[in-house]
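What follows is chain A paired twice: with chain B in the first complex and chain C in the second.
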Partner chain A sequence: MKKTAWIFLSPMLVMVTIFFFIPVILTIVLSFTDMDYQFQWNFVGFSNFKDIATDFIIPKVTTNTLIYTFTTLGLFNVGSALLISLLTTSIPDKWGGFFRTLWMLPRLTPSVVYGLLWLWIFDPTEHGLLNFMRMSMGLPPQNWLYRAPMFIVVVANGFIGASMGMLIFTAAIKAIPIDYYRAALLDGASWWMITRKITLPLIKWQVLFVTAYQTLSLLTSFEYILIITDGGPVFRTEVWSLYTYHMAFSNYRFGYGAALSVVLVIMGIIFAIAYLRLFKFEALMQKPKVEVD
Partner chain B sequence: MKLSFYQRNADRIRIFFFILVMFIITLPIILGYLWLVLRSFSVDMNGFVPTELTLKNWRFLWTSMKGYPNIWRTTMNTAFVALMVMAIEALLTSMGGYALSRYDFPGRSNLMKFILVLHAFPSVSLMVALYYVLKYLHLLDNLWGIILLKASLEIPWGTWVMKGFYDGIPWEMEWAGLVDGYTRLQVWRKIILPLVKPGIAVTAVFAFLSGWSEFIFINTFIFSQEFWTLSKYVKATIGDFRFADYGLLAAVGLFYAIPTIVLFFLVSKYMIKLTIGGVKG
Partner chain C sequence: MKKLAVLLLIFGVIIFAKDITITAWTVGPDNPSFYRFDNLKTAADRLNKMLEAAGADVRVKVDGFFDTTDWSEFKQKLLFGFQSKKKFDILCSGHDDIGAWAEAGYIMPLDDLVKKYWKETYYDIIPSLWESVKYKGKIYGIPQDTEARPFYINKQVLKKLGWSDAEINALPEKIAKGEFTLEDFVKVAREAMDKGLVKWGLFHRPKKGIDYFQVFTSFGADFYDEKQAKFVFNKEQMMRVYDFFYKLTNVWKITPNSMIGTPWSSIHKEVTSGNVLAWMGGTWNWAEWKRDYGKTEKELEDMFLIAPFPKSKNYGRPNTLSHPVVYMIPAHTKYPELAFLLITLATAPDLNMRHAVESGHLPIRWQETVLPEYHKDFIMQQGTKLLPYSGFIPNDSKFDLFNTIIFEGIQWAEGGQDAKTVVNLVAMRLKSQLKDKVIIVEK
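Right after this comes the complex of A and B.
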């Protein structure tokens, strides 16, 4: 019996060990070396971490990371997601489904193609959507990527990030027993009153979950920033994860890059623990019924 | 009692207003994709009105572009990565998920905790170490390297999903099979596996999409043009033609995005059917 279990598990375990578990250990070990493109194992103790503490770009990168993470989270991943799921569940489902499908599109579009759409919208010449609109109102075109790069990065990521919260909130709202709403309507409650007093309190846990989960995803996401601004102009959209990537693969400072990664993971863990405490997630962690230990 | 127009039609006005708000906030998506399609077939555009229709933007499909690999070879590479990631993930997660759902073996709960802990390390934080591992295994600049990485990093998550699907199948199904003289392996293959098809479909579709769209790994671990996938191809065209030829960019981008969009619409229908159909004994 036990042997067959390992037959089922071993292919997966071998792959996960080589390409996931070993890299995790290796990242931690590498962070104590000054490895560069010559791939020499040269242990330097904590000097990478000391360098991080004194790196003059790090304060800028940290500020960028926090602004990027929490603006996107508030405006889109939770804010817009909540708005979309509340509105689309209050209109005929044919329309609701239509809008939710459209909001799924960015997530399913390959990242480079999706990035291209925003490059067009914010194009600095009259070929771009925003500048075309400005020109038709008689205003001169703007170099958006220079004037408001952080805003562009937040919006571009937000239109993708909103879909996860949207799906979870919509499922939660649809699971609320209809009787609650009937009772409220009978009492003459308005849409706003019903939303505030019935819907929102009942999907509170989902909102908290998405907030925590998406903070961690945003902290480590840089793909769309890389495509749209590549951290520029002059570090104005350089977030921690992108800085790590640049250090490792543009400057070939692999050891320093690994150390930056380790710090990022530690930041993620601190956020996770803070959320666990703050939102009292333990209450949610009931043992699943199917678990036969 | 006489009601005013607004009181009589309050519900309809509210619904109309909500649809309007949804339309406005969805506008960037609608306009973006509309532009992508229209621009790929037009010489130039005046706002959203094509000045003249053309197929010239799609020339990359039949003529070779200077400095770029053959588009069909690139497309085959992309499909190869996507299909292999899909096959490996579907197979390994449906095996692993079964073991986690149905077997009690020493270290089981530790293994499950281990899988969760791994997720504290998102793949982007591992890039340096992944580079080293691929170099060590001589899989740098090799599509198999990308495939194995992609699949391995998604397998823990997929195994959890599959475990959930297996958990939903009653034990009696297995007992019946064992009583009839099947071995555990036969029970899995002949009885249980057909019942978790929806789960395998979900895992496979997501694996295909993520393999098809992969950009960061290709951008970092592939150097030769002959191994480019479409993500790298599109990124290169953005770099070269961004201010010169939006028509070409739109056409290349649309060509790359079409399979994902088609797959999405096919699957969303399929999934609705699945939830209606349910598991039949």
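Right after this comes the complex of A and C.
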């Protein structure tokens, strides 16, 4: 049996080794070199890490990363996702499905098209959608991307990010036995009371999963920021992963970029451990106390 | 049966040996520069006619692409192409890439090949262009075009401000002589904005690029030491430059503080709609405005004055900047001689001229200046007049990194950071990233 299990697991193990473990090891090795556009493996010890410690952009990048990650997470990827799931499962399923499909639309749009749409909406001249609307009401155009770049980046990411949590939470809510709700309704519980006392406690593990998964995902995601603001204006939306990208692929400092990636991986691991402790992951993984055959 | 198989094999080899494909990776990124690729195809057609006439059983085909995304995307593609030894035999890019790519051994020196075709073609290249394609004394590229970066001033606005035709027409000359300075321009721009004639006084490019180096020259700021092959960051000189950018968006407010990051299309729409007094652009914009923004030659000629970028009152000189795009041959190509021959044929005066006319660039050969197209084309004539004020950026392997950090400083300054702080931040950043490749001059 054990042998069969290994045979079935082996294709995925090979894939994970090739596409995850080997790149991780290469990145770690690379972080100790000063590789540039000449692709030479010149080992320089901890020089890149020392550079990170003295790089005065890093505090700004770190703050941006935390603001971006936790604001997007709180407002959209978990917050809005939870709210949409709760609301759309409280109305007839036909309408619930319709609203959930609407929220899926950004996810279905290619990232570059989606990013360019946001750029067009917030274009600082009269050619942008929002400014066009303002001007038709007699108001002057606004420099949206200058005034609130982080907000725009959070919203653009959030509209896409909310759909994943929405699907998981909706599935989890629908898996709760209907008897609980009927009993609560018979006892005269309100919608809020049912949500607080029945739904939320029973989807706690899904909330844990989405929170942990999306934190790690947001820490490493930057494609919409790259398209919409490219980290600007003046580093105001430069997050750690984008800074890594800029160092490696705009400035061709691959060694320094790899060192930044290694630090990001360490940050991710710290967050993951913190979540597992906070949400008591051991309890989630324990065997159920009652087994039903 | 065996004989038949051998015959088929030989026949097959002959058939397949007939076509040699030369792959060219070329770039605009402006759409009208498509002849950078198409001229190579025409060169192959001409070569094939010669081969046919000579009875040779070889034909040359040009494959590849013309990239219109943007410079950095294209350069990334090239860099990884070099490294993975992708099949391409010709590339074109800015002359400023020569330093880095020659240093890394990605492109081959062309001195011997240039000598080989000197009498037929290369004797006729405008001599100053050879300087832009050399690295450590060797030629690594063949100039494909050059250009000037005019300071486009909307003369209709000047007219509305009460300037006479004589005053308007004399302005480029006054700028060239240093009699009309950047400070004078700021006053005019502010006046035009205050009177509601334009929304903005000055627009510049919204991304990293080399255009900003014109401002350095205007303020007399050195940025490269040729002898030591090191970058120079003179704090006192750069303070003036960053102070100018700070004041543009924060004090004079003649440039929007969202300038950096504004989409190109919005910028061109605003400039060609007459909403901006002046634009720090390039000659190729002329072709873009006609092709992509619906402007006619007459409308543009009626709208813009073309001048060098003004000097500041107390420093520098009026100037423009050329950035020749050049053909290069990757070191890993199997067909260096054939690739070079195609480049040579694509450098024919008629082919290069059609590129110049279509894309708003300037000729690279003396012979082109006697062609009728040259004398008919307004922007080519005006652009050529600017060439005496022109300079090049250095062919240094670290130029792009230096430029990135300098540009970060411009972003800080326009974002509201005072010049003194910006200069200190940029100096720190240059030192940490470029280490001993940069000389920081404190005073």
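In this section, the second predicted complex is superposed on the first by the 256 of 293 C-alpha atoms of A that agree within 3 Å, B and C clash if a C-alpha of one lies under 4 Å from a C-alpha of the other, contacts with A are read in each partner's own complex, and residues count from 1 in each chain.
Just so we're on the same page, a contact is a pair of C-beta atoms (placed from the backbone, for glycine too) under 8 Å apart; a residue touches a chain by one contact, two chains touch by 3 or more.
Because the structure is a prediction, the values reported are computed rather than measured.
Applying the stated contact rule after C-alpha superposition, one finds that A:127 touches each of chain B and chain C. The larger set of touched chain A residues comes from B, when the choice is between chain B and chain C. Once the two complexes are overlaid on the shared chain, A:175 sits clear of chain B and of chain C alike. Residue contacts after overlaying the shared chain place A:88 against chain B, while chain C stays out of touching range.
By the touch criterion stated above, A:145 is placed in contact with chain C alone, chain B being left untouched.
In the superposition on chain A, contact is made by A:250 with chain C only, not with chain B. Using the contact criterion defined above for the overlaid structures, shared-chain residue A:119 touches chain B and also reaches chain C.
Of the two partner chains placed by superposition, only chain C is touched by A:51; chain B is not.
Once chain A of one complex is fitted onto chain A of the other, the partner contacts of A:183 are absent, as it touches neither chain B nor chain C. Of the two partner chains placed by the overlay, neither chain B nor chain C lies in contact with A:270. On chain A, the patch touched by chain B and the patch touched by chain C overlap at residues 39, 119, 125, 127, 249.
By the touch rule above, chain B contacts chain A in their complex via residues 14-15, 18-19, 21-23, 25-26, 28-33, 35-36, 47, 88, 91-93, 95-96, 98-101, 103-106, 108-109, 111, 115, 118, 120-122, 124-133, 135, 148-149, 151-153, 155-156, 159, 167, 184-185, 188, 209, 212-213, 215-216, 220, 230-231, 234-235, 238, 242-243, 246, 249-250, 253-254, 256-257, 260-261, 264, 268. Chain C contributes residues 72, 76, 79, 83, 100, 103-104, 256-258, 260-263, 265-266, 269-270, 397, 400-401, 404, 408, 411-412, 414-415, 417, 425, 428-429, 432-433 to its touches with chain A in the complex. Looking at the complex, you find that chain A touches chain C at residues 37-39, 51, 54-57, 119, 123-125, 127-128, 143, 145-146, 229-230, 232-236, 249-253. Every residue of chain A that touches chain B in the complex is listed here, in rising order: 1-2, 4-9, 11-13, 15-16, 18-24, 26-27, 30, 39, 80, 83-84, 87-88, 90-92, 95, 99, 101-106, 108-113, 115-121, 125, 127, 129, 132, 136, 155, 159, 191, 216-217, 220-223, 226-227, 241, 244-245, 248-249, 254, 257-258, 261-262, 264-265, 268-269, 272, 288, 290-293.
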